[in-house]
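Alright, structures below, take your time with them.
The same subunit A turns up in both complexes below, where it pairs with subunit B and then with subunit C.
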Partner chain A sequence: MSADTNASPEEEAVATTPEEKMVLMKLVEPLEYYKTCFECGQRRGDERTLESFRPINSIDGVITSACGSVSLKMGNTVLICAAKAELAEPLVEAPDCGAVYIGIEAMNPELISDNSPIEEAKMILQDLVVPSVISQQRLSICKGLLCWVIYVDISIFNNDGGLVDACLTAMIATLKQVRLPTVEAKNSDEVLSLKNIRIKSEDRQPLQLNTLYPIASTFLLYKDKVVCDPTLEELNLFHCKMTIVTGANDVICGLFKLGGRETVKAHTLAQCTALAIKRRTEILNTLNIVDTSNELDSE
Partner chain B sequence: MELLDENGFRSDGRRALELRRIQCEVGYAKNCEGSAYFQQGLTKVIAVVRGPKEVNPNKSKTLTDRATLKCTISFVPFSSSERQVTRSRSDRKVQEWSLLLKRCFERVIILSLYPHSVIHICCSIMHADGSELCACVNATTMALINASINIVDYVTCCTCGFYRGGLVLDLNSQEESIHSLAMFVIALTNERKQVALMESHSRVHADHTEQIFELAKEGCLQVYDVLASVTRRHIYSIAQSAFKGEE
Partner chain C sequence: METLEGKTVPYDQFESFPKTCSWNLPFPRLDKTQHFFVKCNIVPSAAGSAYIEVEKTKVMCFVIGPSKKLVNADGQGCSSTTGVLDVTVRYAPYAKPERIHRARRDSVLDEESKIKRFAQVALFPAVRLLRYPKRQIQLLINVLEDDGNALIAALNCSSLALASSKIQMFDLLISGTMSYPADNAEAATVTASFLPAVEQFCSVHIEGVLMESEFREALEKLKHTCKEMLYPAMRSELLDSLKNEEKRLEGHNKS
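Then we have the complex of A and B:
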């Protein structure tokens, strides 16, 4: 009996490989597991370094009834973005401006148990898209009488972190596809209004976006480490994240750090900004969007 | 507009008894037990099945002898040509369809195997081009098989139309809007040909209902051939990857 009790711990020790130890540690103590991974500078879950982002796959034109649509997949974050344009009268306080409305909702609310990332993305993007992505003056057709209203709807199929990044990228790719028909007066004697329009669907013009093309990047801050593009599990364990939105010519369009435990130092902010600028270049190459500001500067 | 032209073709080039092209995929989502993507023509539906799991918020509503079934059908805002503002819970069309789907699958799922639990079925209609309820039923069938929930049989659904003495199959949204066309949504089980769901808001003479049911059997059999082949291919790929480790 003593020989048997001596043999069994050795067998257990031999059977456990280091990879299985890491898997067990991730399941039993995820906080300690991620702390160890961050200090080593590597993530074992999806084999990414701390400074690498998840790749983005996008499919254009998935919804044919919309003016523009994009199905975007970033890791396990999957969403569908579609834009529709309608004619309306402009607001009284802004007679020469159109409008852009953004709706973000979960496709299956039972699947996504936590609703706060969606509310956060809705709050960030509504204030960000109108001045940075598209100007409202370009949506006006006739001052005080007629303007375009663009509704951008995002249905989130799965959320695995980086929701603001995926939504903003999908929104830019969708608005690049929008082609608006030409609107003119049916009766040339009267002024152009909602009752006196003729829409020429065969003559469509692309929507003129700003050349800023802002792209969001989310970082997780842990002591002095910067973790790029965290997943939802990492975000739920370490409640300190920061989103930087960068545009053309290395300008910062938005900087969002909504609470959290850690504070941000100056060199950490500079490091995050440099990583966000590098990521913006990669995403624009993926979406085949030419950064025209650089070309203008080079000319 | 006219349904058929003088040569017997419809506006999208189909004959009267021809289905639109069906593309389907199982295992679409990763964080749930069963999911399926079903596309028939331009109608696209994603069905997600969660459960059987514990009833968390209202334990007093737990049934002691069988599982509770919850069905949700939702339209995404860009699903049709007109933008729909986020439909609230009081949308009657969605409520009616959710109840129809719930009653259809309460007879198909063997609920007595899962007492004290709840099964969630969520259908999202991403593109609506006619026959949306049929696509929801077909997608839910594939999602339940993917989730390994015990069901008695495949349930397949198709739309039949009766127009001026002629029968048509699988209507799209333009054909559904024809005023004098009688439209039937009929879901049948595959083996026993029992009616699991039937919906109609039309006027048709009683003499024609038998041939409408015969047409529904024909259409459901065509849908079953597509669903069964995709499901068997998925199971075969799982078995192939499982047995690869032994070789």
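Then we have the complex of A and C:
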């Protein structure tokens, strides 16, 4: 009689379903859990395959005080991007160039303590935006006298991996919305300068962006496997990621692999590039941006 | 390397009709329909978060804690029997019509220090800090857009963020501001925060000149307006977020 009562709790404790085993494994041994998932070729956390990206949702015009603004959500990565334009006298060494400055800051207090993803995104995007997204010559109003300076500010609410991808996409969507007013001299006899300006806000022209439209895609490399669009938990466990930025006509605008123990083989790089090109087409369709390569193909 | 950053001039001043931005517009008002939107627990990774829209003003708040209190230089932090509510106010660079340039990362605007002062004075009586000895509750207020009413939006958003993080409070703190007498060029501005359930004012602020009877009448009007318009909306949103959280937990337990 007593033996029966002792045995039944043990039997209940042993009887666990496979789903509960996976949940326990994820909590107790996350590294082993993710290794098992990658070997099987699927991810149980958000039910994605290794080669699928998270969808992007964007809302335009969220900040009315800015020239252009976008609220972008990619999985659990949420951010707001806003652009403001100001006037300046160009530098002596570059009289026909404006400037674009990027500021990324965290609003979530948990992100402020761990600032390395934001510093990394800022480093990548500052060198990427000026030559690829917009030319500095397009921001000149009058050579040597006046130019536009555009400040792109990104506020990160939540970071769940893919910060560079989300920031670059939001930046392109924001700069697409920017409309600059017409600048002319108040007194036409004198030279155009900061003291002799009249702004016609009713006559606004959209910003002339390059037709390259670079889109970033981040991959996690694990042995021979390629994991697309990793989350922050996966990135923290496997410190080997690579970001590929592709532009129009399948041009690679940037390839960033900052550390990591895995070496990239030729077929892995080709696979990542193909996935990044496919990702770029999907994102541009989501943002309703017409890609010139499609136009060239149709011609 | 020389850059153009910081040497730029906003072009709004060259426009024919530059728009102005008041600091404290009346809110809520009975005679005018005003936009008001509030949302709790928008960021799941934070302990508590809230988002609020008052007209075109947008504010988002985050709550951390209760966590271990940072010890002061003189070591008095450990001996304290009450918790500390640490308020940080941050304006986004694009929040104002002119972009905010910070020479240093930790430079503070006048509006930020003002909102911080109001938040500390108003929230201190509402939060039960005695329940968290030797603990620190951090409140982060981010102003995304300021079109007037930033103070009122920040105070209401802070109250909701603290409530959504399950910090023990006596009641939701409701804040409002009004001009008295209405539609008068020399009207005084009254800003008040109070707890509707216990009928207590937590902070009252006046700018201008008022007689005592006028002051009492203004406070009564403001209390009635806030209780009728703001309190039901914020309370129902808080209850909705709690119900959604319960549903999520039930779904997780079933699996």
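Keep in mind that, in the parts below, the second predicted complex is superposed on the first by the 278 of 299 C-alpha atoms of A that agree within 3 Å, B and C clash if a C-alpha of one lies under 4 Å from a C-alpha of the other, contacts with A are read in each partner's own complex, and residues count from 1 in each chain.
Just so it is clear, contacts are C-beta pairs under 8 Å (C-beta built on N, C-alpha and C of every residue); 3 or more make two chains touch, one makes a residue touch a chain.
What you see is a predicted model; the values in this text were computed from it and never measured.
Colleague: Quick one: subunit B and subunit C on subunit A, clash or fit?
Modeller: Aligned on subunit A, subunit B and subunit C clash with each other.
Colleague: Which one hits more subunit A residues, subunit B or subunit C?
Modeller: C
Colleague: According to the stated criteria, A:165 is in contact with first (subunit B), second (subunit C), both, or neither; which is it?
Modeller: After superposing on A, A:165 lies clear of both subunit B and subunit C.
Colleague: With the two structures laid over each other on chain A, which partner does A:262 touch: subunit B (first), subunit C (second), both, or neither?
Modeller: neither
Colleague: Kindly classify A:199 by the partners it touches after superposition: subunit B alone (first), subunit C alone (second), both, or neither?
Modeller: In the superposition, A:199 contacts subunit C only.
Colleague: So, does A:181 touch the first partner subunit B, the second partner subunit C, both, or neither?
Modeller: Touch status of A:181: second partner only.
Colleague: Taking the superposition as given, does A:229 touch the first partner, subunit B, the second, subunit C, both, or neither?
Modeller: Neither partner.
Colleague: Given the touch rule stated above, what does A:91 touch, subunit B (first), subunit C (second), both, or neither?
Modeller: second
Colleague: One more residue to check, A:99. First (subunit B), second (subunit C), both or neither?
Modeller: second
Colleague: Under the contact definition given at the top, report the residues of subunit A touching subunit B in one complex and subunit C in the other.
Modeller: The overlap between the subunit B and subunit C interfaces on subunit A comprises residues 62-66, 69, 76, 80, 82-84, 86, 103, 105, 107-108, 110, 151, 153, 155, 157-158.
Colleague: What part of subunit B is in contact with subunit A in the complex they form?
Modeller: 29-32, 42, 46, 48, 50, 72, 74, 76-81, 83, 86, 120, 122, 124, 126-127, 129
Colleague: Okay, in this complex, where on subunit A does subunit B touch?
Modeller: 62-66, 69, 76, 80, 82-84, 86, 103, 105, 107-108, 110-111, 151, 153, 155, 157-158
Colleague: Within their complex, state which residues of subunit C touch subunit A.
Modeller: 2-5, 7-11, 14-16, 42-46, 56, 58, 60, 62, 64, 90, 92-97, 99, 138, 140, 142, 144-147, 255
Colleague: Using the touch definition up top, name the residues of subunit A that touch subunit C in the complex.
Modeller: That would be residues 19, 23, 62-66, 69, 76, 78, 80, 82-91, 93, 98-99, 101, 103, 105, 107-110, 147, 149, 151, 153, 155, 157-158, 181, 183, 194, 197-199, 201 of subunit A.
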